[in-house]
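Sharing a structure here in structure tokens format.
Chain lettering (A, B and C) follows the sequence in which the chains are written, and residue indices restart at 1 in each chain.
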Amino acid sequence: MSGFAYSEMRIKEKIIEGLLLLSAAISILTTFGILYVLISDSYPFFQKVSLLEFFTDTQWTPLFADKHFGILPLVAGTLLTSGIAIAVALPIGLTIAIYLNEYASPGFRKVIKPILEILATIPTVVYGFFALVVITPYLQNFFPEMGGFNALSPGIVMGIMIIPLISSMSEDALYAVPKSLREASYGMGATRLQTSFRVLVPAASSGIIVSTILAISRAVGETMIVAIAAGQQPNLTANPLEPVETITTYIVQVSLGDVVQGSLEYQTIFAAGITLFALTFVLNNISFYFKKRFREKYE
Amino acid sequence: MEKISANNVQVYYGSNHVIKDVSLNIEPNTVTAFIGPSGCGKSTFLRLLNRMNDYIEGFRKEGDIFLDGKNIYDKKIRVEELRKEVGMVFQKPNPFPKTIYENVVYGLRIQGIKNKKVLDETVETSLKKAALWEEVKDQLTKSALALSGGQQQRLCIARTLAVQPSVILMDEPASALDPISTAKIEELIYDLKKNYTIIIVTHNMQQAGRVSDKTAFFYIGELIEYGSTKQVFTNPEKELTQNYITGRFG
Amino acid sequence: MSKRNSINRINDQVFKWFGIACTIFGLAMLAIFLYSVLSEGIPRLDWQFLTSLPSRKPENAGIFVGIVGSLWIMGLTALIAIPLGVASGIYLEEYGKKNMIASFIEINITNLAGVPSIIYGLLALEIFVRVLGFGKSLLTGSLTLSLLVLPIIIVATRESLKAVPNTIREASYALGATKWQTILYQILPASAGGIMTGVILALSRAVGESAPLIVSGALIYTSVIPSHPMDDFSVLPIQIFNWLSRPQKGFIVNATAAIIVLLGITFIMNGIAIYLRNRWQKKIKW
């Protein structure tokens, strides 16, 4: 082969590598794009609305005549629904993880795990339907004063949705605990319950924490379930029987309406967006820290 | 003229000095055996000859290696061309997850050769040279992974032969095989010697004694002794060689 | 001593039943949801429903617009996300092992995977709709969803490439193949099964998304069937959302029937992905 063809081939290989690199770099572009959009579009908002007002005003009424721009009601709605979700998902998910890991037969585990995973694949509008049409009426048997829109129903349904997140990851974490620890505990006459809670869960705690934080992050970022079943009324409350609006559903609400681009009202969705991004960013990075700790422990 | 000659070769992996000042010459159409205990550098040195070490993190070489008088580490050398000239068979048979036919012609396809007649002929010739043709000639479209270990290794030899190298490097080619397959491989090496220069790394000294013309004994990165197989095995010059041959250490 | 033992044993048994109860709770919820959807929705499901356009009267309304829109979105997203995702995976796994850019890209991908989907909608609203001028079109929607599901494809590609034994690469190089030839002719074919699994899971996720599309301009109510990537559109989940926001019971029934279709698509796609994954894992017993 002539030298000319040789360098042609080398160039071709280099070009291919370059194209592949460019593709991979799209993710960098995406991150910068998100940061740029959130910052540059909420900046004008924060020039008109002070950070103090944003974080302390107890009303969020940007679309009304009497405008208030306090994010607290939206944050309260987010925390309330996510809190209910975790209150449901953590005990149930962790129990399932422990049960599948220490009590159930491998055959049972093999069948049940994929079925539970199905819960994670259902589109969120469908969950919204369940919350509105199935769970809310059922709950109204117990709370007759509760309206058709409330925080409890979507909270519970979100919890059901994220059960597999917690159960699968926690189960993997429990599974990774060295056999020697188990044998030491059983060898001393401990029951499965005692072994699970006194030895295994503490040993797998990093992994369990990671799964929980990721589940919280998922709940915080959830939109449609709450949009369908919680009503869209900003409401600074801790009462789950009342309707609420979350950061995410506010953004949807504005997108559904006719808001003039570039107006202050329009900018509010980016202010809400950057708040949401900050929240989930912090949560995710905390979980990465714990994930690293988990890896270091077992590798 | 020598087929391959190495002059004062040093190899480093990072700060590890793994080949220490090795020089040797290999004549064409001979079988040379590299022997020595695990970790002595014989495989590393073998891989210098087709530049497979280039992929290893921290690899550094000093000294020169010549093939037919040309420095194989010269910047102008196309490493892909070198590997067509110097083929390699690995310890564990590694056929591609494709048909037997596709395994043999792969080396030709990547050169752009598409003519079916050429490919078909090459498949037959190579499989015959590798003593596998009779066993698989009616099943060329079968998956290579369905063959036995010994057959897979002969398939790997066939696909190496298909690109018409002049040197064949074998890194413990029979160590993963049963005795019958091993015998077949050794027979094959003896036949191939007429047309190829073969270098075989082996930890099996009887094997080295059976198939090779010359033997090189490596120990912790150094070339301790290199001479005709008969002489190295029956009347070694160095005591270290003598100890290794007689099994004082492994 | 034995009193303590009995208490321990009782507690153990109680927890065991609690564990079973929790597991059953999850399964029961799934069963109840499916039952509620099927019982209300199947009667409504017929050819007319599948082929009708939206309407103010629930009995006349159908999901044709949503289905066409969803198919368009799936197709365009596949066209965009598959090459980008697979290329990124190849670069990170086969070329970028030791360099800093690759590590930085990896960190980005991990972070992006945790960003709420609605944020992608905001990104799209500003960049695709306004700055690039694509407007509220199928193109914008599919670009949005492509970015969203890219991490899924990238991770699946990397896992599949990683599973190909290094001995195959070595054998290919030893025969004189270049790096790209090795990737194109040996490694990609061997990892195709795993990559396809990831692609199908990514598309299945994309078909169920609504929030980012609503924000980036998909229409809630439209009777227009899109025929071009720059057209307006709606998708099945958004139609469902729209119907769930209406007070009339007829629309709730419509939503239920539409959900059956959406779930059907989702489950079939996930089922195919799992089937492929099992077949592929069996195949690679080198």
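Just a few scattered comments:
By our rule, a residue touches a chain if its C-beta (ideal position, glycine included) is under 8 Å from a C-beta of that chain, and two chains touch if they have at least 3 such contacts.
All of these numbers come straight from a predicted model, not from anything done at the bench.
Closest chain to the protein centre (all Cα atoms averaged), using per-chain Cα means: C.
Of all chain pairs, the one linked by the most C-beta contacts is A-C.
When you average the Cα atoms of each chain and compare centres, the chain farthest from chain C turns out to be B. If each chain is reduced to the centroid of its CA atoms, chain B and chain C end up 48 Å from each other. Chain A and chain C, compared by their mean Cα positions, are separated by 16 Å. Separating the centre of chain A from that of chain B, both taken as means of CA atoms, is a distance of 55 Å. The residues of chain A that reach two or more other chains are 9, listed in rising order. In chain C, the residues that touch at least two other chains are 178.
Across the assembly, chain B contributes residues 80-81 that each touch 2 or more other chains.
Chain contact summary for the complex, chain C toward chain A: residues 5, 8-9, 11-12, 15-16, 18-20, 22-23, 25-27, 29-30, 32-33, 36-37, 83-84, 87-88, 90-92, 95-96, 101-102, 104-105, 108-112, 114-123, 125-127, 130, 147, 150-151, 154, 178-180, 204-205, 207-211, 214-215, 220, 237-238, 240-241, 244-245, 252, 255-256, 259, 262-263, 266-267, 270, 274. Put simply, chain A touches chain C in their complex at residues 9, 12-13, 16-17, 19-21, 23-28, 30-31, 33-34, 37-38, 41, 91-92, 95-96, 98-100, 103-104, 112, 114-116, 118-119, 121-126, 128-130, 132-134, 160, 163-164, 167, 189-194, 196, 214, 217, 220-224, 227-228, 248, 251-252, 255-256, 261, 269-270, 273, 276-277, 280-281, 283-285, 287-288.
If you check the complex, the residues on chain C that touch chain B are 98, 165, 167-168, 170-178, 181, 185-186, 189-190, 283-284, 286. In the complex of the two chains, the chain B residues touching chain C come out as 50, 52, 55, 57, 80-84, 87-88, 90, 92, 94-98, 106-107, 109-111, 145, 156, 159-160, 163.
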